[in-house]
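Each of the next two complexes has chain A plus one other chain: chain B in the first, chain C in the second.
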Partner chain A sequence: MLKRFFDSDLVYSFTRSPVTILAGLVTVLYFLASIFAGFVAPHNPFDMASLDIMDSFIPPVWEVDGDPRFLLGTDDLGRGILSTIIHGSRISLFIGFSSVIFSLVLGVGLGLVSGFLGGKLDAFIMRVAEIQLSFPAILIALLINGVLRGILPVGQQSNLAYYVLILSIGVSGWVQYARTVRGSTMVERNKEYVQSARVIGIHPLLIMWRHILPNVMGPILVIATIHLAVAVISEATLSFLGVGVPPTEPSLGTLIRIGNDFLFSGEWWITIFPGLALAILVLAVNLLGDWLRDVLNPKLR
Partner chain B sequence: MAAFIIRRLFQSLIVMFFVAFVAFTMFRYVGDPVNQMVGIDTSLVQREALRERLGLNDPFIMQFGRFVLKALSGDFGISYQHKRPVTEMLLERFPATLELSLVSAIFSLLVGIPMGVYTGLHRYGWLSRFFMMFSLIGISLPTFLIGILLIFLFAVQLQWLPSFGRGTVIEIGGWRTGFLTISGLKALIMPAITLGLFQLTLIMRLVRAEMLEVLLTDYIKFARARGLSNKAIHFGHALKNTMVPVITITGLQIGSILAFAIITETVFQWPGMGLMFLQSIQNVDIPIMAAYLMMIAFFFVLINLVVDLLYYVVDPRLRVDAVKAHG
Partner chain C sequence: MKKIVATLMLITLIGLVFSTAQAKTFRWAFQGDAQSLDPHSLNETFTLGLLGNVYEGLVRRDADLKIIPALAAEWQVVEPTRWRFKLRQGVTFHNGNKFNADDVLFSYGRAKMEGSDLTKCMATVKEVLKVDEYTVDFVTTTANPILTAEWSSCYIMDKEWSESNGAGSPTSVTEGKENHATRHANGTGPFVVVSRETDVKTVLKPNKHWWDTAQHNLTEVIFTPIGSDATRVAALLSGEIDMMYPVPVQDIQRVNSNEGTSAMLGPELRTIFLGMDQARDELLYSNVKGKNPFKDVRVREAFMLGINIEAIKKKVMRNLSAPAALMISPSLFTHSGQFSRPAYNPDRAKELLADAGYPEGFEVGMDCPNNRYVNDEKICQAVVAMLAKVGVKVNLLAQPKAQYFAKVLRPKWDTSFYLLGWTPGSFDSWNVLYNILGGPSEDGRGKFNLTGYSNARVDELTDKILVTTDAAKRDEMIREAYQITVDEHAYLPLHQQGLAWSKKDSVSLKQRADNQFMIYHVNLN
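Here is the complex of A and B:
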């Protein structure tokens, strides 16, 4: 089993591309650092008791006033930038991942139903998809975000911020999954194995789930990888715009927003390092996504 | 031709109707409009009277109809927060956003197309590789981060350009323009680059891909066989044929430029519609959100329509197909 995996085209083309290996390593690093943030980060930035206001605005260690305890300096509350970046990446990746899964489930579900059943429902779903597609995803996410926060009571907003974000980014991204799955479902629908399944009287839902779904999932992996980069950017953008994660437990976008206020007074490290961390993460995921697309489905190019 | 236009118009109307429906539902059911208009000391009886007077007790269809009629005459109600007519506020801020979007679109075209042509012609040159790398970074950097990096470099470190606002504006017949003053033009540079960079990379990659494809076609080979100069082939024949998709994408991107202006305007505190929209989201000011949504939708639909019609004009094959399909 393992040997077959290492013999596959996927692994072969992976080992052939140094850029992809680097991107893969960086991505894995981010994931590990996020999962084990509590162990990896030198400090716990969310533990208010351990923070010392005397430690605020310390520049990175290679500057004149640097402090070896804080490799990349500290922010206005005395939180170490390196620690906040590690914890921030964790939050950014968590929200990004959850949004991708939300979009995937919603999009694949609607695409399957739409392609399998056809008819009026199909026309309706696809028309909605078309309309949504003609607007940029970030605008849709902003709108849903605004509406959700309008519905929620004010006191609950910062507690539910994660869910609001996941829902708004998730809903803004389902269309691509739905269109892809619908297309392949319409092809699969007429194949013999589906017809025989129908003949022996299997419930349509079960046919979709057990028989069609595994055959249409191929391109979904590629879309999901590229979508992860988009979702992380969307989360960062919404947080930067002040409608995302609250500053008490900041994501990368929130960190950039906080640091942006200090850019002019010379404390550049508070915003530039989280910015770089975000850019590197997105670049790595994008490179992986591009590579996956080229290997798995050259036609999508 | 007429059938095509009518069908497209009809589709556009459906889209607008759908968006109006979403905007109205938002308007009506997110928060209570009455609560937003009166103080805490208003009695229940007075509230009910106001509710009746505003027609909030009427059936849904009637309220929706009224909303559409009002929207058609350009009335989107009064902002909860600013207590001013929304349309007036949007119009006031329209010039700032339009000037920014226009300049950034022109910037992305003027830089993106030559870069695309170059990378298409010299596929393996080191400069092409550099451009491609640059474009990947352009896609991976979120808009707001590009803005912050520019501000850090040119406003904080070098202090060449202003970091926020529009500079001095001159008012001509109600249109506040920043084109006519030096500080206005200087203030425009960084926001326009920030907003245009993503479009630039997109256009560059598109032109490159199209050029690569076109250069392989038979008529280019034939042109070479005829002994035409490289210049005539590349620019007279090849580039001309890459323009159809470029027109489409650019047209469609104008819409998303307007949307991404929200982010750029926030970074640079540019006093346009996007900044206002963002503030309305932060304050859950539904009338502004609804009006902005309707307006952006209108732009999108209009641009889509124009692009489709342009397509029809530019590409004769579509006309032939249409005739075949009908004949």
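Here is the complex of A and C:
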């Protein structure tokens, strides 16, 4: 089994591409650091009691006033930048991942139904998808975010901020999944194996789930990988605009926003390092996505 | 042919230069917008300050904050409880209506109505009487030597205009209601509102028929609220705007080192403080059920000792603040020197909390504006971190001032722990004792006392202070009242923030210590 995996095309092309190996390493590093943030980070930036405001605005360790306790310096509240980046990446990745899964479930479900059943339902779902496609995704996310925040009671907004973000980014991204799955489903549903499954009376839902879904999973994986990068960026954008996660538990976008206020006054490290962290993460995930697309695309072989 | 083109271009160029020399458009920015154009909707410095360029009261303040005549040409105290005001004749509102005694009666009556946030204008006033077309008598319940001190922001509206547009009564900002006067203005002041988009842009142009001689040379004024600190600084540095305030404290150096712009610094009269709800039997946002920890003076003292104000001064305010012991600026009360702020002592704070029955601390929600005062949200965040060190978990809700004021102010009064700033409109302690430290009651006392703190002796002194004219006796009573509130830790004063404005060097203007910006002092060179 393991041997089959290592002999596969996937692994072969992975080992042949140094860029992909690097991107993969970086991504794995981010994931590990995020999962074990509590152990990896030098201190816990969310523990208000451990913060001392006299530690604020300390530059990175290699600058004149640097402090060895804070490798990348501190922000305006005295939180270590390195620790906040690690914890912030965790929040960014959690929200990104969750919204990708949300989009995926919604998009694949609607795509399968749409492609398999066809007719009026298909037309309806696809028109909705097209209308949504005509707006930039971030606009949709902002809209849903705004509406949800309007509905929620003021006191609950920061508690539910994660879920609001996941929902708004998730809903803004389902269209691509749906369209891809619908296309593949329409091809598959006329093939003999599906028709024979129908003839022996298997329930349509079961046919979609057991027979068609496995055959359309390849492209979905590619979209999901690239979508992860998009979702992380969307979260950062929303947080940067101030409608994302609250500043007491900052994600990368919130960190960049906080630091933005101090760019003119020369405290560059507050915004630059989170910005770099975000850029590297997104680049790495994107490179992985590109590679996956090339490998799984039979036309490019 | 080339020559002709060149000449033509030169002519257009000269024309352009000439026309820009003629049109003096002044662009400026603040961190938020005025809540309403209705002069009775909200008693807030920026809102009233902006409106002070459009509306006028019977009196106004000059650049040194001295009370000078405005719509009242002169006045005298006929008897201790009766003031007679001679109104200025020949003044018209922006729509051409004549200004007369009826407008004064209407405006002061409106200030007293439900929904008005400026009931202070009618404090101690029993009735307003029209003597003739240009004479008005104010009859007060008691002798009130500082009657006009509160009045520079009691603006006069046009009776006919207000009533015919359905704005006969004010709408309360805190309830989110609007009427015609919320977005339109018709005053007698030096500037006319040309257009207004809330939170986007407000355009003013000079009032050609202003009764006073204009000291400015502007032809148009464009105000844009810019919430983001960095964006506001960038707008000034790039020359997009001519003036803005407040300058983020961390950027003062940058603004000064940039060629052509500079910061104007000065002490402000506003006191920033924290309030703790001592009225409710159970806090609104807390894990303590069935009782209110803030009712215990030890808890309030612990909060006072647990906040390291010097650290806030150094790190959050970058030394642009003066830590406060009293609820009034030291420059407004002669005996301030007798009060000093207790030093930061987190260990003692923990002991006090343990004595009060909270050895593990407790949890409380905090309300904070994020675009009202200098670094308001950052001060709150620092407070949250400092109180965490003594065991109190504070859940911070920082909001733009529109939502913030609507939530914490009466009638909603939905807060347990909040940050607010106060400048006494009369620059006198009575205003603080009456509005902030007075026990809340129906007649307007304690209108902005959101803690519900109430002390009969303080209220008694406050009433005496109002009618006492002997300065020494008066100051002694004020001192006694402050002493009581300090001993009881009624509030948690933080500091007086510094004024930080900035402008292009080509702009000349006057900076008032009450942080109101009067555009009629602006000149563009």
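Note that the second predicted complex is superposed on the first by the 297 of 301 C-alpha atoms of A that agree within 3 Å, B and C clash if a C-alpha of one lies under 4 Å from a C-alpha of the other, contacts with A are read in each partner's own complex, and residues count from 1 in each chain.
By definition in this document, a residue touches a chain if its C-beta (ideal position, glycine included) is under 8 Å from a C-beta of that chain, and two chains touch if they have at least 3 such contacts.
Computed from a predicted model, the values in this text were never measured in an experiment.
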item	value
Which superposed partner A:Asn215 touches (first chain B, second chain C, both, neither)	neither
First, second, both or neither for A:Phe57, with chain B first and chain C second	second
Chain B versus chain C as contact partner of A:Asn44, first or second or both or neither	neither
Partner chain in contact with A:Ser13 - chain B first, chain C second, else both or neither	neither
Contacts of A:Phe264 with chain B and chain C, given as first, second, both or neither	both
Chain B or chain C, by number of chain A residues touched	B
Which superposed partner A:Ser134 touches (first chain B, second chain C, both, neither)	first
Contacts on chain A seen with chain B and repeated with chain C across the two complexes	260, 263-264, 266
Chain A to chain C touching residues, read off their complex	47-49, 51-54, 56-57, 76-78, 154-155, 158, 247-248, 260-267
Chain A contact footprint on chain C (complex, rising order)	228-230, 233-234, 237, 248, 250-251, 253-254, 285, 308, 311-312, 314-316, 365, 377-378, 381-382, 384-386, 388-389, 391, 393-394, 396-399, 403, 407
Residue ranges of chain A touching chain B (in the complex, touch as defined)	127-128, 131, 134-136, 138-139, 142-143, 145-147, 149-151, 229, 233, 236-237, 240-243, 256, 260, 263-264, 266, 268, 271-272, 275, 278-279, 282-283, 286-287
Interface residues, chain B side, partner chain A - complex	14-15, 18-19, 26, 30-31, 136-137, 139-145, 148-149, 151-152, 156, 163, 255-256, 259-260, 262-263, 266, 277-278, 280-282, 284, 286, 289, 293, 296-297, 300-301, 304
